[in-house]
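Chain lettering (A, B, C, D, E and F) follows the sequence in which the chains are written, and residue indices restart at 1 in each chain.
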Amino acid sequence: MTYLSKSPWILHYDASSCNGCDIEVLAALTPVYDVERFGIVNTGNPKHADVFLITGGINSQNVEIVKNLYEQMPNPKVVVAIGICAASGGVFRECYNVSGGIDTVIPVDVYVPGCAARPESIIDGVVTALGILEQKKLAMNVNPGTGKKSPGET
Amino acid sequence: MIPIVNAIIYILLAPIIGGLVAGIDRKVTARMQGRVGPPLLQPFYDVGKLFEKETVVVTISQNFHVLSYLVFMAVSGALFFSGGDFLLVIFAFTLSHIFLVLGAYSSYSPYSHVGAERELIQIIAYEPMIILTAVGMYLVTQSFNISDIIASSVPVIMYLPGVFVGYLMVLTIKLRKSPFDLSTSHHAHQEIVKGVTTDFSGPNLAKIEIAHWYEYVVLLGVVYLFFGFNPIIAIAAIIIAYFLEIVIDNTFSRAKWQMTLKTAWLIAGAIGIVNLATLYYLRGGVWL
Amino acid sequence: MKYEAQTTTLVEVGRLIGRVEQFRSDGCRLVQISATKNGEMYEINYSFDKDYKFENIRITIPIDQEVPSISGMYWGAFVYENEMHDLFGIQVKGINIDYKGNLIKTTIKYPFGAGAVLKGEKP
Amino acid sequence: MNELLFLIGFPAIIAILMLFIHKDKLRNYIVIPSAVIIGVASIWLLISCFNKNTILYAFPFEPASKIMYIIELLLAIFILYLGIKYRKTLTVALVLIQAGLLVFFETYLSSGMHPENNLFVDQFSIIMAMIIGIIGSLICVYALGYMDTYHKHHTEVKDRKNIFFFILFIFLSSMFGLVFSNNLLWVFFFWEVTTICSFILIGYSQTPEATNNAFLALAMNLLGGVAFMVALIYIGIIDPSGKLLELNTLIMSGQAIALVPAVLICFAGITKAALMPFSSWLVGAMVAPTPVSALLHSSTMVKAGVYIIVRFSPVLAGSLEGFLIALVGGFTFLLASSMAISQSNAKKVLAYSTIANLGLIVACAGIGTYKLMWAAILLIIFHAIAKSLLFLCVGTVENRIGSRDIDDMSGLIVRMPKIAVMMFIGIAGMFLAPFGMLISKWAAIEAFIVAPLGLLFVAILAFGGSITVFFWAKWMGKIISVPQVMERIEDTVTKEKWAVLYILAGLTVVVCLIFPLISSVLVEPFILNIYGQTAQLAQANITIMVMMLFLLMIMPFSMLFYRDGQKYVGPYMGGMTTTPTMQFTGAMGTVRDTTMGNYYLKNYFGEDKLFMIGTVLCLGILIFAVILTAGVVL
Amino acid sequence: MAFFEMAKTAIKSLIHCPATIRYPFQPAKKTPISRGHVIIDASRCISCGTCQRKCPSQAILLNKEAKTWQIDRFRCIVCNSCVETCPAKCLVMDTQYTAPVTKKSVEIVTITYVKPPKPAPATAAAGGEAKT
Amino acid sequence: MTQRIVIPFGPQHPVLPEPIHFDLVLEDEHVVEALPTIGYVHRGLERLIEKREYPEYVYIVERTCGICSFIHSLTYCQGIEQIMGIEVPERAHFLRTIWSEYSRLHSHLLWLGCFADGIGFENLFMGAWRIRESILDVLEQTTGGRVIQSSCKVGGVRRDISAEKLDQMARDLDGIQKEIEDLTTVFLQDDSIRHRLKNVGVLSKEDAYHLGAVGPTARGSGVAIDLRQTGYAAYDKLHFEAVTEKDGDCYARCAVRARELFTSIDLIKQAIAKIPEGPVDIKVTGAPNGEYFSRSEQPRGELVHYLRGNGTKFLARSRIRTPTLTNVPPLVKMIQGCELADVPVIILSIDPCIGCMER
């Protein structure tokens, strides 16, 4: 048991969703669902986040953004795809501008179905993600020192 | 000997107390918002978590700045609790904050940059009032030494009500509570994301958090000084003051920097100085 | 339930600006501009409203014809005109804030334009 | 006495030598050893005299005075000529008044005067001599390399380096003269020489701006000179024997006699120290090559102004006039610090900071309790070192990157790491615990709080001190905020420059460490001698400060621990990807640079507004003080 | 000057019970018509393919040869369209939402419906209706 | 020359729940330049019209946006019904109106919350969203979905609401009204909020009108455009007045929305009182042939669905012009010259909905 599962901080990004799932993510933070009970805080900043909650089917313009945000999150981290759009592109799967699911861009650890995904479902999804977070932490302990120097650094 | 023991006790205990205070704060805040809120020990889980994360930096010097921030914050707190010179404590305090600001500057993100500038504005907003607080203590107890101030059985608060009000405002800034959570914020989202802490993560962020806890204890320690004549009243005063801060946090929107600076200087300038001038007069100083 | 009465007037491209000026001086607000592909032609609708009276004027242009911008009269028209350019490939001349194809970036060029190939379709 | 004469005479001789040397190489060979000699001589002075309190020397008055009189008249004519040439009516008028007064004094008053002890040395003079001798000569060495580059960049400026170095050494010589003279007439002579030296140096580039600013400086300092002259005449009238011309006698003679000349001379000091409302000349002087600025700000010129005020501080203590002068200092401190916030030009920031600190020194001196005098002298020492270091750092950076704007210094830590670290030390030295300036401010607070009318000044310090934090810290921030990839460009800085910078940076730190020693050996005896009691910092606090200093020095080594196991990512940019040079693709598809400017808060701390306020306030106070003094006289 | 307008509500909330539903320790909010997930009564599906055609998200795949009815729950937007249009009324919208998973998969159901041999199809359909 | 600060504001930014980007150029905290980038949510759903038959396209349309999803479906259905000349039962019109107004309530409360978050008032954010949950409960109880209702269809509505439920809703609204009163008092009276909103992002009446502002953005500047006045659905049988404010600043826009909450509650109560009995849908056959600009009032303002049928089951063109799109030019004007701290406030003050804006 690590502290990771007691304090998952989330980053939420709307990668071309219809808002339905996003407002449910926000709703999960508010009094009736209050995910802060689990230590969840919506940080809004990839560098502070452990869990990447991402909604929507990702359009071309978002690909780089999503990768960038994912890259900036420190390990261990998990990605939770919220909603059907995030899982597969949903109703918009056939749209010319939708790449169809988060897993087309970055690896996804948990899929939370629903259109829109319900707050309870989002809670379940994050709880599932915590288990994976723990595993990743253990894997990191076994294989540490992934850091590398970037060029031009002094 | 005693001062050193006190300092060590502070260095060991302050994070625990500070963390608990933060935990209670979050719990009470949540309840004020009609939520259940996180467990009491949540701040410790958070910090524990952060230490488990990998270190991600923009530039390596970030580590140094944060460590210095933590170390000097602990030093200034230790100075305070070992009964040192109040002014020296304030200067050490400033020094440690400068490191936080420098850390923010070093990351070259516009968000941290604006956060750093705002942090500096906050420093110039609150510092005069803190110095005036020390001066007030001196006028009442004839010493800048914390140990002497504690030892004197004078009810400081009776002489310094205005200064105390000013100090409470400083406390709002320092605890990063709305309306004065300009440079970084614990709660509601901010136009500058997380301001000074935007580009810190993992263990570095944890250190900042611990430094905050050290800071809480010092700041509340100053509240104690006002009521030092009676420890029980003093503890009660600390609790009430902190509760008041939580209420303020929950009933204000964030002010802009102009407002912050004006309010702080006006309160420090008007209430603080008038209070001190009166005292000066009473103490037989020439006018002013 | 009431449906509102709507009028659509066909206008020649050359007279568009004159007509729009008239709407502007009549105190109408611009409701929307939109294009529709109609065979080998584009129809462009300019809709106006005043006191809930909806009026629409329509120009029809060949696929590669340029249209004049009305952003001189309605400052806010730039969003529609840029959008029209990005989605249909219609060249609009003289937009006040010209995004030059960067308002909406799409995987395929001019997805609503003639010859756009959608996902899963064969050209 | 020989040491004194050597320190005055030697630089003068070198100066004259300089006039005839046009070869850079040769000049280097002379300047460097003579700088070393001057430095060593001032240290020798310290060693030989530190434990002797005040030593008075009876140097023959008559012949020297006559020579000085002639030189002064020649200088007056020189200025008159320039004033007419450039149509500066104010300057012309002031020169005429001053010369008139001088002639009046010499013809009607001086004949009966026979001051005996014309030279003297005490701990305060030693401190000043050390500042001039070490820092001043270091700046001269630095100027060698700087002026080379300067003329390479500014081909439009005529190369008059021989005159430049001539004036530089004359400056040093006259500063030594100023601090060693016990005869006010002589002080006045050296005073005027420094005025003219600064005038020539400021106008060195001969651009219209430089010329104007030079005349501005001249006019303001001549105004002070007039006041000084009036003081001399006043002394001549009340004491025809000339005994009171001796500085030590005058100061000892008590307020009833000395207050009027003291106020007048302090007025002169205020003009020279560029307090409000006369601050504009020092800001304008920034057009001069940087070594000049460094010299004016740290070891000469403005220090002459505060030197004389601190000297008179025991006379001022407790008087309303003293309080008013202190008030001018206090407001100057507050307002100049504020104005520094609104500046992006590094040299201007330094200028305002100097003005502010001089204000603080004058505030201390004006109230003049023993504790405050102690604080004032500490301020003089620490300020001189840190400020000269900063000026020279800025000069070096400017030489290299072609800008003195702080916003252009971003990433300096990568581009010019050594300079950046030194600049860091300099800046930290100006406002952070446990460095010197902060110790002095701390001492000032503790002193003001027990001084009469002190609360006002405590409040001013509380506000002004925190304002200082803002502009220094944002400067530091700029240096270390690195826009990712940058190349290192500091290899062209010459050896002498490095040497000077290293010494100054070392001094900034070392002086902090040994400041208890300085205080107990030099400052405390001096103050004890005057007041019969002295101030010092509590032992425990000193220990803590020293510990903090060590901690600060150790902290950077923590970086060694962080070399491995770090993952590097770009800064947070709202999800935008950036190139290594921090560009991102923004709206309309344009590629944008991520630039970061500091805050200047012009609406709150703008120069114009605050300068107006300061002028009105300080001028009002000064006029009041003058009327008050006039009232005493009549 | 009106400050502390929120204080009343804040203090009231502090002393009252929080509005939070302590999910998962308490059951989730649900209504009888909440749309959770689609279930099929495989014994009644007549393999008509209407659901597949009417599904706006193409979540359903009917394989008449293999006699399987397949649903991709990571495509289904729980719109109820299939349920409403199924002629055999064999689809039902359950109120329980699909649980989050770590691997996407599709659900395949084998249709067990056997055409009643004798009666005409119309009667069969009517019979189905009568049952519900 | 002092340097300016360039901030990439968004696309990911905690005060913006949706992705939009501004290049902000600052001097100190003064915004000297602000140019928007959009397109992060553009999916291109209008072209799905060629792949979905017009009855199923409702499901796409209502997923244009998860906030006023119902009003999208309503506007679309009304457009098709007009083209096909379908007479929808009266009860369906009333139900549509009731759900529309509930959508508006939840949308406005959501906005008030986000807005409070934008000015750093966390408790108020929580307060607004707490009340909003009771609105969502009603929506879920009557439609089966919290945010995506799926209740409108061409020819009527999919579900009826029982008389008892309607009564209960009317009763519950009294309690909700009380809570909303407390909430809006804070928004409109608290001086720390007024300090952040008054005279921030001022939009004059002329600018509002000619730049194409709609909805509360226009009404906050005194332009009384409220498409409900055209009397679609059952609005022609209900009485209400468009809420307007004069000042055109963020405070005025906030006040408009705060006051509209009460209009909506009142409209729902009127509708519940007047709702006739009867069926809620009719069977639709055939395919639309013709065109229509179907307009309605969303929480953010005037929505236009341009529909063009060609006699087949697949429409020839669907074009959705949403209020946010037309509110962008006023936003660009307002944001020039404000303070950094005002940027999120001004952006949020038009209640941007990027999801529907970019489709």
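We take it that contacts are C-beta pairs under 8 Å (C-beta built on N, C-alpha and C of every residue); 3 or more make two chains touch, one makes a residue touch a chain.
Computed from a predicted structure; not experimentally measured.
> What are the chains that chain C and chain F both touch?
A, D
> Averaging each chain's C-alpha atoms to get its centre, pick out the one most distant from chain D.
E
> Which two chains does the highest number of contacting C-beta pairs join?
B-D
> Based only on mean CA positions, could you tell me how far chain A sits from chain B in angstrom?
34
> Between chain A and chain C, what is the gap in Å from one C-alpha centre to the other?
39
> Centroid from C-alpha atoms only, then distance chain B to chain F, rounded to Å. What do you get?
Between these chains, centre-to-centre, one finds 43 Å.
> Quick check on chain C: which residues sit in contact with 2+ other chains?
102, 105-106, 111, 118
> Multi-chain contacts only, two chains or more: what residues does chain A have there?
As it turns out, chain A has residues touching two or more other chains at 13, 30-32, 34, 37, 43-47, 59, 61, 65, 69, 72, 74-75, 90-91, 94-97, 115, 118, 146-147, 153-154.
> Spell out, as numbers or ranges, the residues of chain E touching 2 or more other chains.
Chain E, residues with two or more chain partners: 3, 5-6, 10, 18-20, 22, 29, 56-57, 77-79.
> Name the touching chain pairs, would you?
Result of the pairwise touch check is A-B, A-C, A-D, A-E, A-F, B-D, B-E, B-F, C-D, C-F, D-F, E-F.
> Given the complex with chain F, which residues does chain C contribute to the contact?
1-4, 6, 24, 29-32, 34, 36-38, 45, 47, 52, 54, 56, 74-76, 78-80, 83, 97, 102-106, 111-112, 118
> Considering the complex alone, what residue numbers of chain A touch chain F?
Going through chain A, the ones touching chain F are 11-24, 26-27, 30-32, 42-46, 56-57, 59, 61-62, 65, 69, 90-92, 94-98, 115-116, 118.
> List the residues on chain F that touch chain E in their complex, please.
Chain F reaches chain E through residues 52, 56-57, 59-60, 63, 121, 123-124, 127, 130, 133, 137, 140-145, 148, 150, 158-159, 182-183, 185-186, 189-192.
> Provide the residue numbers of chain F that touch chain B in the complex, in ascending order.
Against chain B, chain F makes touches at 5-9, 13-15, 26, 29, 116-127, 130, 190, 192-193, 195-196, 339-344.
> Which of the residues in chain A end up touching chain B in this complex?
So the residues of chain A touching chain B come out as 2-4, 6-9, 30-31, 34, 36-39, 41, 43-45, 47-48, 50, 72, 74-76, 137, 140, 146-147, 153-154.
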